[in-house]
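What follows is a single structure, written as structure tokens, with notes after it.
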């Protein structure tokens, strides 16, 4: 079989077959063997997704190890990464319910993750003061809604500015609800569009195949 | 043994109609008739920003944030970000403005380098391009401080925030605004659209990012897909308006949906 | 000093390390970030390895040989590490992307597309219903790209944009409160009566350390921007 | 530089310090203000309260370290709420981190349980642990639990768990409580459980995601929602068990006011500067 067939065409066809199998199974009553094939395929998807996450951590560890090897700028921080990775992964692989492994995770990773994730609270505030301007009616609508809703959410807001509560709830339920409803309809059509493009083999970037020269030229 | 699972007939018909219209436009596009997309204001904004950079002799930054190729939910914005990069790089080469594209993922870095290289070659401005200074690989975590510092030291005059943006949107847009750059921002991650819309001079909302990518690259696949999806939006509008009028008159078609 | 209190104190120290990035990148913040990435990487590696072992390797050892195919696909995924073998990884990606898109499409057409249309078919008897109908239709129509903006579509487009901006304004306000809640959640643990003293001492030490670093120019001071 | 420019060029770190103080101050000396209950929280609570004794509910635990302080108190109180009503609970998570924090929620809830309430692991509740694959994982789990889970989070084989003996699909549950935190995973529950199996669903998400899900609530696909720390505080209040969430909800007061003040101040300065330029 030609190289192009194995390396490119079969993966594309395989994507379409599996995708259509899932869709057909949902709309049409299926004989038992087809349903059990789909059940098996879905359990494969969870296993491969777990392996993909493992691969992600390995790629990052390789990057940091190379950085230590070549002594690139600030390579000593990579030693911290590699040591932390090896100790945690080692303990975890031996026994995923090891108390030290869970203690390290609960008391070292969690607080840092929470702190890093909350950093944007500070950046939002400095941005609010220094760049968030009602330059045109676009940003004016956005800013007024943001202020009303924020004051509605904080308990003191409804006490200082009572009308904020009914107006804020109405804005969130009706205009904002309609806006998001429009976007959900659009996103749903977007997923269908992406599905058709991928199953028809017209979109292959996810398989690492950059779009070949367009047939038109 | 009913032919179709109970309650899912209308869902199947809808899917067939929408997928059918997308395939129809796709076949037409590949036989030469690419659907004509609405010219988005952002196309002129790209030239306006790059023109300003040439006047002031300062670089423009093109930032894409998360660009991973194998995650389907991030595939559409990633492809759009690269299509717009190709167009913007070509316009930058044509107008002769300096251009900087930091990327935080390895695979995306190789693709971005290819795209920019091809763009300068297409404008035969190959000699002006110093690729390793234009497209740079910055590992995740180390990119924030590097980009912010260079925004200030380069006194950048223009910035593009296009692609799948997450919590870094606020940090970069604030600094870019403080430096005084003219900015075009667009993402489809609903949590971060507000920041780009509020802070950037011009902004793209959700699917407009894909439409801009398709428009500037005349890509038959995405253009025809958008044309087919528009059919779905027409159907939605008609069903809602018609259904609401009928229900006001006492005739409800809501039962149809659960056939 | 039981391990729970020790844990809270360690948590407070590393949080201060993470927050020090607000002053500008410094050795403490970089150390904390890399420590975080390392431990989290190890945690993700171990927990996902446990899943693959219990869901794929054990069944094969117990005689369920279908899962050999799953293990094979996982191994093929690792071919991404070498450019020449990249094509091997296209098979596992094809399975996940194919199934992923199929599963999303098959119910999205009913839950998202038809579900939202059905919910917007409302009697024109109240202002709320009218606003909801006009808003949903124009917001969805805002993303129509094959209609030219010269004709009547221009007004539909602008109306839709107002509703979308209201949606983003609401999201902006809610996100601001959400971000504050994240900080509060961290501060509650750091300022617990039995932990607060350690937090204050650590803050002092970090301030002195960084101050010394900046004074002697060992750490780069980022000018106020 | 005019006074205006100087005020606008205020160093970021001063604003950061002000924010730290505004958020830390109410934690050190809390002030509790009256707070009315939002309709979404009331709907979610009443739906949970209507679950008949002896039925089995599926709970997705999606809280991470960052979102546990907001959602944790509410989830803990809901677990107590359900176990006291003799409702059986099956937990699962679509993230490794979230699976670990679900264990914390269960342990804290068990401590809060009044004595005499049956809460045996494997009989009254079971934690099925981590299911990878995002939306596809949820679909796999919903259609055939045993195809993706051979043992629970603590390693007990699924066939030795009495609670799981008659359960293998999403339709075996009376309801789903989707504590999605900031995963953005609520649409997964709606698309892979509510729509295909018709199982009613409520749940929790962080404050920033509430607007995204109002369409699902208005359409009835979701019954109310617990929004962020305020939702947890309201659930605690409705259960008559005020706790950690109430104090944190109050702590957002000064931070929110500071943010609002800075936005207004920034815009006022901006408009004054713009009018001055126009005058020149």
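The letters A, B, C and D name the chains in turn, as written, and every chain counts its residues from 1.
One rule holds for everything that comes next: a residue touches a chain if its C-beta (ideal position, glycine included) is under 8 Å from a C-beta of that chain, and two chains touch if they have at least 3 such contacts.
Only a predicted model underlies this, so the values are computations on that prediction, with no experimental measurement involved.
A.B. asks: So which chains count as neighbours of both chain A and chain D?
C.D. replies: Shared contacts of chain A and chain D: B, C.
A.B. asks: Once you count every C-beta pair in contact for both, which comes out on top, B-C or B-D?
C.D. replies: By number of C-beta pairs in contact, B-C is the larger.
A.B. asks: Whole-Å distance, chain B centre to chain C centre, using C-alpha means?
C.D. replies: Computed from C-alpha means, the inter-chain centre distance equals 20 Å.
A.B. asks: Chain B to chain D: how many Å between their CA centres?
C.D. replies: Measuring from centre to centre gives 31 Å for this pair.
A.B. asks: In angstrom, rounded to a whole number, how far apart do the mean CA points of chain A and chain B lie?
C.D. replies: 17
A.B. asks: Residue numbers in chain D touching 2 or more other chains?
C.D. replies: 10, 12, 16, 19, 23, 66, 69, 97, 132-134, 136, 139, 148, 196, 207-212, 215, 218, 228, 230, 252, 255-256, 259
A.B. asks: Mind pulling the chain A residues that touch 2 or more other chains?
C.D. replies: As it turns out, chain A has residues touching two or more other chains at 23, 26-27, 40, 42-43, 45-47, 49-50, 52-53, 59, 74, 105-106, 109-111, 113-114, 117-118, 120-122, 124, 126, 128, 130-132, 138, 142-143, 146-147, 150, 153-154, 172-173, 176-177, 180-181, 183-187, 189, 192, 194-195, 198, 206, 208.
A.B. asks: Multi-chain contacts in chain B: which residues touch at least two other chains?
C.D. replies: Answer for chain B, listing residues that touch two or more other chains: 8, 11, 15, 18, 70, 72, 178, 190-191, 194-195, 197-198, 206-207, 226, 232-233, 236.
A.B. asks: How are the chains arranged in terms of who touches whom: line, ring, star, complete or other?
C.D. replies: Graph shape, chains as nodes and touching pairs as edges: complete.
A.B. asks: Tell me, which parts of chain A touch chain B in their complex?
C.D. replies: 23, 26-29, 52, 59, 63, 74, 117, 120, 123-124, 126-127, 130-132, 135, 138-139, 142-143, 146, 180, 183, 185-187, 189-190, 192-198, 200, 202-203, 205-206, 208, 210-211, 214-216
A.B. asks: Using the touch definition up top, name the residues of chain D that touch chain B in the complex.
C.D. replies: Interface residues on the chain D side: 184, 208-209, 212.
A.B. asks: Quick check: in the complex, which residue numbers of chain C touch chain D?
C.D. replies: Where chain C meets chain D, its residues are 22-23, 43-44, 47-48, 51, 54-55, 58-59, 96, 99-100, 103-104, 107-108, 110-112, 115-116, 118-119, 132, 167, 170-171, 174-189, 191, 224-225.
A.B. asks: What residues on chain C touch chain B, complex-wise?
C.D. replies: By the definition above, chain C touches chain B via 24-25, 33-34, 37, 93, 97, 100-101, 105-106, 109-110, 113-115, 117-118, 120-125, 129, 133, 136-137, 140-149, 161, 164-165, 168-169, 171-172, 175, 222, 225.
A.B. asks: For the complex, which residues does chain D have touching chain A?
C.D. replies: It comes out as residues 8, 10, 12, 15-16, 19, 23, 33-36, 38-39, 64-66, 69, 97, 100, 131-134, 136-137, 139-140, 143-144, 147-148, 154-155, 196, 207, 210-212, 214-215, 218, 228, 230, 249-250, 252-253, 255-260, 262-267, 270.
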